[in-house]
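Here subunit A shows up in two complexes: once beside subunit B, once beside subunit C.
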Partner chain A sequence: MTANIEEQYLEAFGALAPQGDPAWLLARRRMARDIFAAAGFPHRRVEAWRYTDLRRALAKDGYVPAQRFDGPLAYDAETVGPGAAAFGDVERHMLVCVNGFFRPDLSSADLPEGVSVKPLSEAVKETGFEEFLTTDDNLHPINALNSALMQDGLVIRVDAGKDAGKPLHMVHVTTSSGASAAHMRHVIALGKGAKLSLLETHLGQGGAGYLANHVTETHLGEGAALTHIKLQDEAKDALHLAANNLRLSADAKYYGFVLALGARLSRHETDAVFKGEGAHADMHGALALRGKQLGDISTYVDHAVPGCSSNAHVKSVLDEEATGVFQGCVLVAKDAQKTDGRQLSNALLLSRDAGMNAKPELEIYADDVQCAHGSTIGELDETALFYLRSRGIDEATARSLLIRAFLDEVLETIPLDGVKQDIGSQIDVWFRASALAGS
Partner chain B sequence: MLEIKDLHVKVDGKEILKGITLSVGTGEVHAIMGPNGSGKSTLSYVLSGREGYEITKGEILYKGKDLRAMEIEERAAAGVFLAFQYPIEIPGVTTMTFLKTALNAQRKARGEEELDAVKFLRLVREKAGPLNVSEDMLKRPLNVGFSGGEKKRAEILQMALLEPSLAVLDETDSGLDIDALKVVSDGVNALRSPDRSMIVITHYQRLLNHIVPDKVHVLSAGRIVRTGGKELAHELEETGYADIVEA
Partner chain C sequence: MAVRETVETVDEVGKYKYGFFTDIESEKAPKGLNEDTIRFISAKKDEPEWMLEWRLEAYRRWLTMQEPSWAKVNYPEIDFQDAYYYSAPKSDEDRPKSLDEVDPKLLETYEKLGIPLSEQKMLAGVAVDAVFDSVSVATTFKGKLKEAGVIFCPMSEAIRDYPDLVRKYLGSVVPVSDNFYATLNSAVFSDGSFVYIPKGVRCPMELSTYFRINEAQTGQFERTLIVADEGSYVSYLEGCTAPMRDENQVHAAVVELVALEGAEIKYSTVQNWYPGDENGKGGIYNFVTKRGDCRGADSKISWTQVETGSAVTWKYPSCILRGDNSVGEFYSIAISNNYQQVDSGTKMIHLGKNTSSRIISKGISAGKSSNTYRGLVSVHKKAEDARNFTQCDSLLVGDKCSAHTVPYIESKNPSAVLEHEATTSKISEDQLFYCMQRGLGEEEAVALLVNGFCRDVLQQLPMEFAVEAQKLVGISLEGSVG
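On to the complex of A and B.
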């Protein structure tokens, strides 16, 4: 009997025996490995992955662990795609990871006082560090896989009362050309009243069918504020799986935005838990996809305590045979009165063969709440297109104006001006790629 | 300027225009009147090139060229302008951005230099003032939340900026009160010129008190059933369409 893909996968990573892991981590890895082996890669019959059949997407390739790369990195549009230009004019500190390993030599060393960055492999040796790793391995088998195999990641801490100032920019580049896989675990921990802006860019060299798996543990202390903006422009055959495990203390503020342009299949999931009253989380995003790409932005929000608000708004532009997915769930606990929970998915289909699956859900056990959820799926307005063209605007420009107008509503929420502009520019590049392919 | 010969047009397989012949000379203003459903708006859409309007017979010559062979945006750059009965709301695109994109697209198509931001702003302010189009309106998304009157004034502002050779005004008076009608009509009259022809489509005579036409045509069931001078509009106001349509 041939081994199933889960066994093959774990087998390939068997040689990756973690060096010097503390006992708690070894135990966690063993347990996670068992959970994953039993559950397998998520597939259509797993509700949270119903529209994103990871098992099927993985079936063809025999993945091997990504190899550490210590050479010079070509970080330009030609090598890793137009995303290399993003945030170039934003004053920021760079934190670079290549093939799933932190590269301190390529990263900024001059971090402000009260802000620290450590590789995961060092941080796990600290006493009590396991308390940061609150991701539930039972929630998704892919979380368990990450816990079993995580080899590196960034542990970013901002001390209580500190404003980190300039954004930190996490850059993830994959240079390997084969079916390699990297499992990274990041920790973002903000002390009481701390502030941080975090940018993320995920890029890869063209043609590579790699798997990039990130789990981020985000802990916001009382009154802390995190602005977290991500550009996912992985290589076109890549798989990108990101889970953001968000824990908010009282009065904490989270603003998250993701623009997903790349990868054959991508999923950006936020699992937010409110632990103290008065906290707020925005979890916005945009998908701009074509070809046979599948992009999934999903949110799971647990309003466990009263008086918190959450807002998830995802706008999707889908061309050719692309598929968009939004799964959202807002859970309001029995005592979580005065909750304000919102979810909205708007999709624009540019082709008859494109598709959108949106499933916003509410699960409310309290009686004094304001919750709203909605989903729209539409096409470009032909009358609006005619109107613009009748004023002399050519069809391609008219289409891009209308698509930008559609996306602008959610782009406008980005609180950092330079970053907002760069995200807009990335979308413009996406349009031009379409115009070129069409000509 | 415009020669329409025996024009037949189908929409969704149904013949709406059944043989229209119309000649509009340079600098002339023609009014097209008629009851609802007579094909007035169809004619305006055919002239601007909207998809879904199938010309089954006849021809349209604009400045001697076959209009049918031109794309919507080519017609615009060549000087054909349609003021919409119901201007479209475009959320997310400010009126200013839209005007600049449109003007520069037309200039580019004609091989003219595009206007920079400073020159453009000066031009817009010059044209917007007399039409009571405020800075605030220019900064708002195109037509979004505009009142009926604001939408029509914005249409005329577009016309003033784009300086077409042939302007088709489709029911520009609909939804306007007396004061707004005056502002819009004054705007249109200011654009009358020996080089510019206009087709004013309207159901009512009152617009033609302000924009006085050289000729009036009555359209009924897809055909022009009568043509006359400006006095024809007054006659219609007295008798209604029924007499003429039945004649």
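On to the complex of A and C.
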């Protein structure tokens, strides 16, 4: 047994720390290190991690810092899984990160005017950059760990009034085969009225037990609109932790969607704060898991000002011994009148040993609000299955039809057609693998 | 406009009607809590040795425990040494044999509470085991119940007269070490009710206990145990009113229900203890552990509660659905006003096959109060075809109150179907407008809508109680008309 896995990480901090960081960043790293050292990896008894016990998941492995990889990258289904095909037909700009480091040589350079991408290591040298890093390390030990150890990341900025046009596609690939850990920090900043579509894929080489820890700081200016679609198909022994800290100014619009297929343990967390009236955030997602996978989608929405709306809809399909987790909290501050906050979690359990935990929470301090949440957990509808079978459709097809229909409800909300299709195909691939395993 | 009136009318509820105080000399244990206090209580009750041991063990366990802090309630730290743990009316020495022997002042108190003991028989067949402070003073209808074989007596009597039954079931649903308050209760419980319904018996009347906190600074530690043997049925009513006073009082009751095969227990509560004044001063701290165990197949336990009182409420009546085909229900109305804090809900633990549960919770918060629903629905691996439906709705009256919903939904069985929905809103302007357009006054319209909001739960109450409950919920509405 590892006596103290936290210490291993802090050692890594000692090895990595000073590499030309500005003073504010060094101070911040030190503070974050202390917070993490005090809190440790969150576990079952930490309310926000009640269903996703990181301490247990990490207990066996000693993680070393991920190494920069500069060689040629095999980006195909054979090496990094079927997710490599996703968004291939969508016209897009590629931004590639390998083992937690940005690889400009593999990325598109022809970004339109008003759109800029910089590696984090460069961006931190700008004066005033710290204002983008608004994540409160005190509230979140994993974010603190990220702050202490973050090495690289993408800083994407769209100037006021600019429409970035073609989507930007962030590709994260892990090639290391051992237990390595990468802590990336991304910043997405949209100026007033700016528009951006952002795609993300997270892939890894088969069987590797690495940890990918991403923290994304998203700042949407007044009236800005971000469409953010993510496919998480990490290697099957990997751990994937993603925290999206979202700050919305007045009338900003955020559409987020995540499809989680990979990793033995994954968590996709959105922490949204409304800072101006009239803003809207969609935080949708789907989990399709099997084996002993655990997938967690958590949302925390702070309706700090009046007149904003939020909607989180998560659909989970859980096969074999997989466990799904949905945690949602809608906080409506005093005086945040005319808030509309919605959460819905639907889960399908396909096997005897699958499980689902849902905790949709409302915390409301204002009276003129419409807030609702719902949660359902069940299995495939036998009568619907029977209906299809009676029409001559074989069982496997009938099941896949029903499961697709179940997931389509949330897939349908994806605003980009090509992307929607690709997400659908990824689910089909997942389903075929499931059927193969079952037969 | 309408909202303000509702605020006012809910204010009316706050003006506590039952704030009188009966001055009867009490016999008290010395202030504070230690092993001697427990020995004193046990000796006072003439308890057998095993009961004293049980209490002492609980006390020692309690010393190692921490007060829970996860609920959404705030209150000053409680000094458990600054309270009396036992007080009994003086006339304890020679217990009254009939109503005539009961202290007339006590009877007067009951009169004010609306339970005229002398007219019990006319009161729709309700037998009352009235708990005045900690000792049960008078028990009625014993004869009729005895005929049916039903045991309905104070806990202290049951410990003496039915030790085997008590030993078998006491602490079997809420273990001694269950939680901080339950453990405290196990150490110091003063009295409570014991009910045993024999096999196949349908209890001929609704059983009822009035709890009443009377002596200043006495914590009340009631212990209730209801055992429904195979195929039996009982409906039990618990109603509470307490006099007005300033010091905060801790109340930590434990209620255990055991339903064996085919048995059904219906447990209804109207809780209207002193909630504190408009400034949040005083009021009862109500930390209750209530749990029912559907131990046998085809059994059913149903909790209905109307919570309007107490400054702080911490209460989660739960069902352990162990027997196959067993059913658990939880119907709740929680009204909070001024500075009241309610953190209440339920737990439905599905262990047996084909078990089903239903949760309907209505929270109404007004003033500067905070009202939280906290619930757990857990389906274990072997609970084939388990079914749950949960609905929790919150109504906010005024913009200084808060309403929270914290459900935990866990399923480990694919054949289980769980549904949960919750809404939070204020009284809809559209609905108000619609009602008024049909000729209703504004107050009537508000009354109608609030009534409608609670209807699902009110309908679950037994007739005798529905009146009282509707009064409590409806008092507000009465005042607003005209």
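The definition used in the following text is that the second predicted complex is superposed on the first by the 433 of 439 C-alpha atoms of A that agree within 3 Å, B and C clash if a C-alpha of one lies under 4 Å from a C-alpha of the other, contacts with A are read in each partner's own complex, and residues count from 1 in each chain.
Please note the rule applied: a contact is a pair of C-beta atoms (placed from the backbone, for glycine too) under 8 Å apart; a residue touches a chain by one contact, two chains touch by 3 or more.
Everything numeric here is computed off the predicted structure, so don't read it as measured data.
Trainee: Will subunit C clash with subunit B on subunit A after the two structures are superposed, or do they fit?
Mentor: fit
Trainee: Taking the superposition on A as described, I'd like to know which of subunit B and subunit C A:E78 touches: first, second, both or neither.
Mentor: A:E78 sits against neither subunit B nor subunit C.
Trainee: For A:K334 in the superposed arrangement: first (subunit B), second (subunit C), both or neither?
Mentor: After superposition on chain A, A:K334 lies in contact with subunit C alone.
Trainee: Return the chain, subunit B or subunit C, that is in touch with more residues of subunit A.
Mentor: Greater contact footprint in residues on subunit A: C.
Trainee: If we overlay the two complexes on their shared chain A, which of subunit B and subunit C does A:L349 touch? Say first, second, both or neither.
Mentor: Touch partner of A:L349: subunit C, not subunit B.
Trainee: Is A:I393 touching the first partner subunit B, the second partner subunit C, both, or neither of them?
Mentor: first
Trainee: Rounding in steps of 10 degrees, give the angle subunit B-subunit A-subunit C taken between C-alpha centres.
Mentor: Placing subunit A at the corner, the angle measures out to 70 degrees.
Trainee: I'd like to know which partner A:D408 touches here: subunit B for first, subunit C for second, both or neither.
Mentor: A:D408 sits against subunit B, while subunit C stays out of touch.
Trainee: Per the contact definition in the header, classify A:C371: touching subunit B only (first), subunit C only (second), both, or neither.
Mentor: second
Trainee: Which partner does A:A384 contact after superposing on A: first (subunit B), second (subunit C), both, neither?
Mentor: Touch partner of A:A384: subunit B, not subunit C.
Trainee: After the superposition, pull out the minimum Cα separation from subunit B to subunit C in whole angstrom, please.
Mentor: Closest C-alpha pair between subunit B and subunit C: 14 Å.
Trainee: Intersection of subunit A residues contacting subunit B with those contacting subunit C?
Mentor: Correct list for subunit A: none, the interfaces share no residue.
Trainee: Okay, in this complex, where on subunit A does subunit B touch?
Mentor: Interface residues on subunit A, with respect to subunit B: 381-384, 386-395, 397, 401-402, 404-409.
Trainee: Which residues of subunit A touch subunit C in their complex?
Mentor: Within the complex, subunit A contacts subunit C at residues 47, 334-335, 337, 347, 349-379.
Trainee: Going by the contact rule set out above, which residues of subunit C touch subunit A in the complex?
Mentor: The touching residues are 3, 70, 379, 381, 394, 396-426.
Trainee: Quick check on the complex: what are the subunit B residues that touch subunit A?
Mentor: So the residues of subunit B in touch with subunit A come to 48-51, 71-73, 75-77, 81-82, 84, 87-88, 90-93, 98, 101-103, 105-106, 109, 141, 158, 162.
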